[in-house]
Each structure stands twice: as C-alpha cells, then as structure tokens.
C-alpha cells in the first residue's frame, strides 16, 4: 500500500557575480534521483553551463533533457522540474492553459517560448518510461536537492575555471545554503528552516579544491544568499 | 503594570496521506493553555478527529468548542483561534465585515458557513468568562503550540490505528516540525526559524509507541513538511 | 577585479510594548559600517529615540542622518537605507516615480512626506563623498546588521530607563533574534534561516545590565518576535 516513490528532478544553480554582486552567468545544471527519506542523492548527471543570466529561462529545457538522460540509467516513478506551476503535468499544460494561469508578463512569455520543447521532452519520457513530468518547482524537495547538487558541482567548475584562468571568481551560491569540504567532497547543506538534514555534494576527482583558496561571505545585497570568493593559490 | 497574559488556543494537525502524499484526513484537534514564556503547554484537551480534508474548514468550530471546554477547567485572559483575520474579535466579526475583507472565493464561503456557529460559541465564552475570542491564526504563538500539541497527539492516535488495523500509515506532520520520543512522551519540536524552543508533546499512556516502528522522511512534494511512516512491529 | 565593498547602513529597532504587546515607542536608531564577510560591525553611531510608533516612518530621516554622520568618521562605498524599493538610488527617486511604484495608500503618503528631506541628505552624501544612497531595505544584510545593532543598543537604553524609573519595561526585540550577554556586551543573534552567523552587539559602559533582571519570552501575538521583560533589581 505505502510504496516508495522515486523522483528524478533537475535544477541549475550558482552564479558568477560581478564586483557589485550582480549575477552574470549560471554555472551548473544537474539532474538527480531522490529516494526516501528524500534528504540527498547518490545518482546525478551534472554539467557546467556558464549560461548568461538574461537567458536563464532557457536552462529549464536543458534540465528536462538531463532528467531524460538520467532515466536511461536509473528507474524512477515521476519527474520534477523547477517550474512552480502547482505540480501540473507538462503533458496537460497547453499554451492556452498557460495564458489562463496569468503568470506575470515576461515570465509568461519566456515559458510560452520554451513550452513546445519542454512538451516534446515530456512526451518522450512518457512514451519511453510511462512517467509524468511535473511543473512542481519550489514545492519539491527533490528539486531542492537537485539545486544543492548543481550548486556543489558549480563550486568545482568554478574552482577549475580559477585554476585555468588564474583569475579570482565571486560565486553566488543557491539560496540559504552553506558549503563544507570533507575529504575530496564538497557538500552544500541547506540552511532553510526545516531542511537541516537536506544536502547536495560533488566529488572533486581532479583535485581542484586544493589548488584554490575560498572565502565565504554573505551576499550583502541579497539576504539569504552566500558567496564564495575563490582565488588561485599563488 | 506588566501582567502575565494567559492564552487559550486551539488547532488541528497532522494528516493521513495516500501513497502519493495527498492528505486524506486530518487526525487530531487540541486546545491548550499557554503561559509566559509562551514556549509550551501543560494543559490541553485533545481529540482524534480523522476528518476528511475536503471538509477541513469545519474543524475550526470544533476547535472553538475545545477552547470553551478547556475554559471550564483552567482560567485564561483571551482565546486565540486558527483563523488569520488580523486578530479581530469574533464578536465584532459580522457576515458583512467578512465579505468586505475580500477573502478569496472558496475560503470566504466556508467561513461564511461556519460563522454563525463560531459566533455562538464566542458569545458563550464572553458571557461565561468575559473573554474575547480572536481570529488571529498564524500570528499567534499559542496557536502554533496548539498545532504542535495536536500533532503530537495525532502521532499517538495514528500509532493506535496502526496497532488495531495492522496496516501501515503515512502521517503528514504539521509544517516545519520534527518528532522526538523521550520515555513515554512524544515531542514535536518546531523547526521554524526563531522557534527552536517551541514544542508540543503528548503522553503515550497505553504504550502504543512500543508496538509500532516509525520512520521519518521529508514530504517530497511539500517542502517544509515531514512524514512519519508508521508500520506494525512484526 | 574583485573588490571589497564597504557598506554604511542604518535602521531603528526594538519597541516598548504595553501589557497587551502593542508596540508604543521605537527605542533606538543606529548606523553601522559593514565590511566583508558582512556578518557584524565594529563601527556604529547609535542613539536612543523613544519615538511613537505611529510616527515611525519619520525615523528613516534620522537614520539617513546617522549614515551621513558616520561617513565623517569612516570610509565606505555605498549607503543602504531601510526602505524596500528595489535598491533604487534615492537621487533617482522622484515623487513621480514613487507614485508610479504603487506603494499602498498610507505607506506611499508617508514616503512622499519624507522624500524631500531624504533626497536632501542623499544629495549631501553624494556631493561630499560621491556615494549612492540605496533604498534597498530588507534585501540588505548590512541593514539587518544595523537592525541587530540598534536592537542591542535598545536593550541598554531600556535597562537605563528601568534603573531610572524603577518601573518594569516590556521590550519587543527585532524580528527573529535572541539576545545573549557576554561580559559587558549584549549580543543580538539573528535566528533567521541562513543568518546563524549574523549578529549585532552593544557595550554596556555604565553597568546597567547588572542593575536589572531580564526574562526572555516569545511575543504571543507576533510570531517570530521575542520580548525582554526588564525589571529593576530591588
């Protein structure tokens, strides 16, 4: 009767900031598989994206693709995307419904633009695996775990970039979380109320963490957000 | 000059969930007396209700009755109900005012339906004890303590049901809290920011806690909410 | 490339409450200098104000003056005021724009009333120091640190008043924070999610803390707020 729902979710996270803390580029996307008790993940696909924030709405399409790709490797029961539309199934979401939802001007236009591509991927997932793709967004714990996982991967991608370029980076972390390094892993712990046991992590296979210095600070112009200032070690 | 305000409040909490985490029935109601420093309660009336979520708005009437009944046993200075209407006194709340408040469609209709019964109970409390009944809802710490107390009692009621029926139950806990068992008591601690020292509890007089296993997980489709999966031992 | 932004900010905090926990007077204003990592301050100007809550909107003008005065003593790169208008520069904020922002009735009128004085101070700061004054409000961590600093100073001012008057005071603290006394300092720690390492403090140069007793309680009618009941030591 009480079964164990396995969720595949995806999100993009962390941003390169300029010196005034304005986000310039979103750093990483990840899809993850999340099982009960829904606190962390051990299966993920992650990619560096370094996508301009201005075109940020496009990343959701790539996130859906990462979910589809992860489904080739692991089984799941449902897919959660980072769109907060009341957990409606993408299959059922037509352009007409979307306009009825009265989503504010620009956001609605962006959604309308990517909807055909999203519905196509959702259709593939339905046909191949029989799963629904839900636009559940901020209500989903698996989406939060995808965000923290993408954020942890982003720390490694940013470190790699600092090592290559010998230039410091200001990396804006996802909302309400804090990193911790343990061995070759970088963890991103949620600081959100009631999420003290929720986290993501990434494994530093190539030793980038040892080649940089990183200092944590609070983002002074965005409460709840922390920043890593990553600089090359000499 | 600075007196110690004693508050009687009530709330209902915890829900039986189906396998997709949809709430089916609200489990328990409780009224409590809360004194300074307003962190917990030692006087309560609690009842199992197992009320369909669809008729959830009806529970507020029963909550008001539980406040009235508790007032027969302990003294207080004011009554707090779980209706978030800006702490208006129920006595002063007419159907006309309610419609002026522009509460969204369904919620407004539900309130209108139960208002006569609520005002009747508020009138009784006023005549008998001289106290105001306030529709203060989410601004009230005593209402939160009633919620945590009802949630703790709900854990025991759910355990009893699992023992009787030999069927597992998914119990959705109130928002942002976590249970802990200590001796014969089950505590429900708030995980809300700035409520780290706020809690409710219930006493397991009949030893139900020992007859079940319970596993905590996060509700994957409702961030901030935790679930207990309660199964019979053996 | 990645510079260290120094912020001067200001806020007013803490309120004398009546026995029903209604705020009567705002107790203190403070301006502070906040450096990376943006967790606390070591430079401040603080003043007792005991201003009627009904005229609370007036305090923002005094806060701007305290920023201007602090700039005579320490260098900074930008000024943050506790007005949540999307970080717009006060210089660019005309009465016309303000009315276009559709701020709700009373708040808009209050802002309109103080806008000329605010713009005058912002103009002085621009001419003398070349800095922008931003209406950033709740998005600013430095404004939060100013709030916690003003709150800590307010505890000392309230203690002084209790010592003088031999009357107890109910002091409402800023949202989501908790005081701790260490030596001659009173700290105010944020309890907000993701602000566990953010705090303000005040130094008790005249030994008022030892001349009173203070008991912490939760504000029963305003969730997230704590109260100190301060009474004279015999």
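When the chains are written out, they are named A, B and C in that same order, and each has its own residue count from 1.
Just so it is clear, a residue touches a chain if its C-beta (ideal position, glycine included) is under 8 Å from a C-beta of that chain, and two chains touch if they have at least 3 such contacts.
Here the structure is a predicted model, which is why all the values come from computation and not from measurement.
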Touching both subunit B and subunit C (chains): A
Inter-copy rotation, subunit A to subunit B, in degrees (Cα atoms; steps of 5): 120
Homomeric contact subunit A-subunit C: same or different residue positions, threshold half: different
Subunit A and subunit C: spacing of chain centres that average the CA atoms, whole Å: 35
Contacts with 2+ other chains: residues of subunit A: 193
Parts of subunit C lying in touch with subunit A, wherever the complex brings them together: 1-3, 5, 7, 34, 36-39, 80, 87, 136, 138-142, 144, 192-196, 198
Partner subunit C, residues of subunit A touching it in the complex: 19-21, 167-170, 175-178, 191-193, 215-226, 229, 231
